[in-house]
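Shared between the two complexes below is chain A, which pairs with chain B and chain C, respectively.
Moving on, here comes the complex of A and B:
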């Protein structure tokens, strides 16, 4: 493209160049929008409830007051940002194996949802939680206590995951 | 020499070999579960079914040819198992024919019918034969709609082995190992059909000294280690080659490390030394010492208190102590648990630099430890290296047996010890502590390091490179598996994914980084301080000097030792040929 022959003056039509009609046109647009329904949300007071497909903070599914997770480590392996750290240990429960330590570094997490996709137990899912504020880097590291969410609150997402598996 | 054709490829082999042996020697792997080169052939997994045929002969004795002039082969209508079919000259084997592939898929489908889908829980995942064959030789989907068999999980067979009956595919490798190699015939199949399982004989335990080898040879996760159980995924660990330091057999090992902590030690195949095996003592006994109670920094004793110091301070202080005494008043103690490099540097320091012949090492002979398979009566991994490299007293009055009396009579006033704890033998240690000055290289805290004047934090065999000489005079090389401050930037070290990519502020990289150094480096720095320049910069320099000075080490170097998996003393010019090792599974992390 020849920049010298693409100057604004040459690109504009005659009506655009005389300026005032364009001002009127712009104002017309603004006034038209004023009459349409308002889209702005008064956020802290008026919260948005995402759909099941929304990928928010990854959480662990808690079923019968234990985590479903068996600490297989696939989420940690697939995590492209190396945000997940799992340490397994033995339990007396039927599943034999449980995560004695499960931490997600939310400063590293990129919300890609690979962990959810790879999980063979449907134990880690992306929640609707999008309000993540920390006051220190340490607070961004979420341990099992912060990650466990009762299954009842995750029904939307689990349904979505099963439908599009 | 007879020859066979595998998928049209001509293979020279010997009479009496089976098809699978001939194939593996030539780098072709025929899928198999129950076959193992060191065990008898049982032929019960049926995974190695192949199409086998011989050229047709006409009544006149000539071979029949088709219209293109090729030999026409008459294949046996039923498939044969490659592990039990002995080759005959001119045999044709088809591995990639539709019939063979269909058979493999059928066998896989059959084996997977009752195999639980608990790979996420199973410790074997990532190094599982069934898993990799399910990926390579299976249809990828199941037609089985009934419920799977329930069998007991978590059955301990012995102190170190845990059995999961559901995962077992009844290959009988463990049964044959117990009977043929470990000579403890306590395992057998019980029940029939899909109820079949393996049990330890009533009232017996599977507790022989080699029991944990069944965990390695088990093609699935039916047998797991009670010690390692669920500690780490295989792909999270790095495996570096090393040598077992528990006895003088020098079994080749792989050290599994995660977060700079040794989680397990497993055997590495070396057909000249340990074949595929290793004893449980070697696997388990070293872990606590290598991981815990470590001396993290050099320490010096001042005003009766031992405190952490920098390397320069500690080395200067040690030089100051050594200068106080006549060389004949200092006793140097090498270590049969330490590498050739360390022992040679100590001997050089004592004999050529300080001109003192008082040097010896602590012997550990235990006849009760010996057995017919691998274990030897010498618990020093490198006793031969000590004697070979001159860690022996010039005057037998100063042998280690007389150490206590020499300290009592004040003919020995200072002791310089490398990597030795005397098994904390109370009588000897009590006498040693009576010496005026003690300088010790130690990896672990113990009573001697608490009372020593200078403690150099020593790198173990898992943190440094070096060589051991085993009982059969084989010089074997080991590489570091753990990171220390010293070898942090060593090239070529295998690291697990987390170790590789962690940033400095990730918690998994906040591991215990020991400020330890191998003894040879500290001694050569100490010698430099006392104005003797050894010129050793890396362990290879020390070994080069050994190879130049000693005829038995002639033309050996680290690369050659690594390539040939060790070279026998005096055979540096004609090492054993490199052979292809059989690996039970091939999808390995890193």
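Moving on, here comes the complex of A and C:
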């Protein structure tokens, strides 16, 4: 290694080499930083409201107090983490089929959004819910009751899905 | 004999009070450090425990008390436990000679504020004690039986010994001016804005830089440089033993600040004539005012230490050694010669 060149003496001027003026400059910089507004969000009191593009917990869209899902099973088929389980059954409604059992294992879900992308009925979408804490593995398996969310709360995401899909 | 007992009792009471003040001061420094570092980094810092988070350091210490104390199997158990005690003990012992205010006169007796502020070798005592502090860190590094700890301990020993030289030499200027080793005499000599910092600007700069190196604070915190040495000498420490090192670091910082204040910034001298307050020499009111002045100066320097830590990157090891031996040592020798010459000419 050639240490004859690019040594401290060549790179720095005299005033830089005695450090003190530069140290004072650095201290001035940090002092100015102290007066700037803070970036911290006081989390439990001050929550973040995600945009429509946010992929949170996948949920089933509830329209007229019944799920849109027709239990085609595409979401379960496309899910790379095998997190979704659907069992179909028949119903008197116009859609003829409905899921008698719909479970998402939140321990397996990777929030990729494939289920939402593949769904022909816009029945499963990613919500804005990012506070996903459960205290046992069983509580992580969400059944239909936990998954159903009224359509009014999902407008942002549905709009986003329609525009960009 | 009876007299001796009273002196001992007086010293004991003072020691208990001052010990509590120091440990509270160390806790406050931890709080200040966290708060100032946060503010510099556009954060808020601790604000959950107590009002504005002021109880955070106590929460930290209680947590450390209840943590498991892990001692490595291959370590030297005795020295592993002794090292943090030396570190904290030395950091606290220095306060024996620091005067917090001048004196209070009650019933014709002068009570000096400080355990032994008139000790005629006070300055030497402090230098000796800070040198012993190296043992705490070096023993911690050696007894842990861990290569990172050992490297940290060795670095700290080398660093502290190198910087102690220029530190001691820069103090000679002050001793020449005041003609005394006693800290109280040095402070008394600085009355009416005759602060040593104006007479000894070069000596002050050398002392300031050496003080940073002595306390192992950034930009000279090589003994615990995280990227290369994990945790340095406290890698293998946990629980309250780690807590003792932690408190010792902040107590040392407070010591250095107090030391700078006493030697260069007039100590407890009021920035104006004490007659302005209408308080007599030796009254309790004046002592309180002097203590407040001293306290404000010390807190300012503690904040300066913290400010520097969060502004300036760490030195490389060879840069540190070069600065110590090739720059500060010749400069401090020059300072001694200049001061001696000036005293010869002007007095």
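By our rule, the second predicted complex is superposed on the first by the 134 of 165 C-alpha atoms of A that agree within 3 Å, B and C clash if a C-alpha of one lies under 4 Å from a C-alpha of the other, contacts with A are read in each partner's own complex, and residues count from 1 in each chain.
Basically, contacts are C-beta pairs under 8 Å (C-beta built on N, C-alpha and C of every residue); 3 or more make two chains touch, one makes a residue touch a chain.
Computed from a prediction, not measured in an experiment: that's the story for all the values here.
Within the superposed three-chain model, A:73 lies in touch with chain B and out of touch with chain C [touch as defined at top]. In the superposition on chain A, A:90 makes contact with chain B only, not with chain C. Set side by side, chain B and chain C differ in how many residues of chain A they touch, and the one touching more is B.
Once chain A of one complex is fitted onto chain A of the other, the partner contacts of A:120 are limited to chain B, with no touch recorded for chain C.
In the overlay built on the shared chain, the residue A:163 is in contact with neither chain B nor chain C. When the two complexes are overlaid on their common chain A, residue A:20 makes contact with chain C while staying clear of chain B.
By the document's definition of touching, neither partner reaches A:5: not chain B, not chain C.
Of the two partner chains placed around the shared chain by superposition, chain C is the only one that A:30 touches, whereas chain B remains out of contact.
In the superposed pair of complexes, A:39 makes contact with chain C only, with no contact to chain B. Chain A meets chain C in the complex at residues 20, 23, 26-27, 29-31, 33-34, 36-40, 42.
By the touch criterion stated above, chain A contacts chain B in their complex at residues 70-74, 76-77, 82, 85, 88-90, 95-97, 103, 105, 120-121, 137, 141.
Only residues 36, 39-44, 205, 307-308, 310-312 of chain C touch chain A when the two sit together in their complex. Listing the residues of chain B that touch chain A in their complex gives 119-121, 125, 153-154, 229-233, 235-236, 497-498, 501-502, 505-508.
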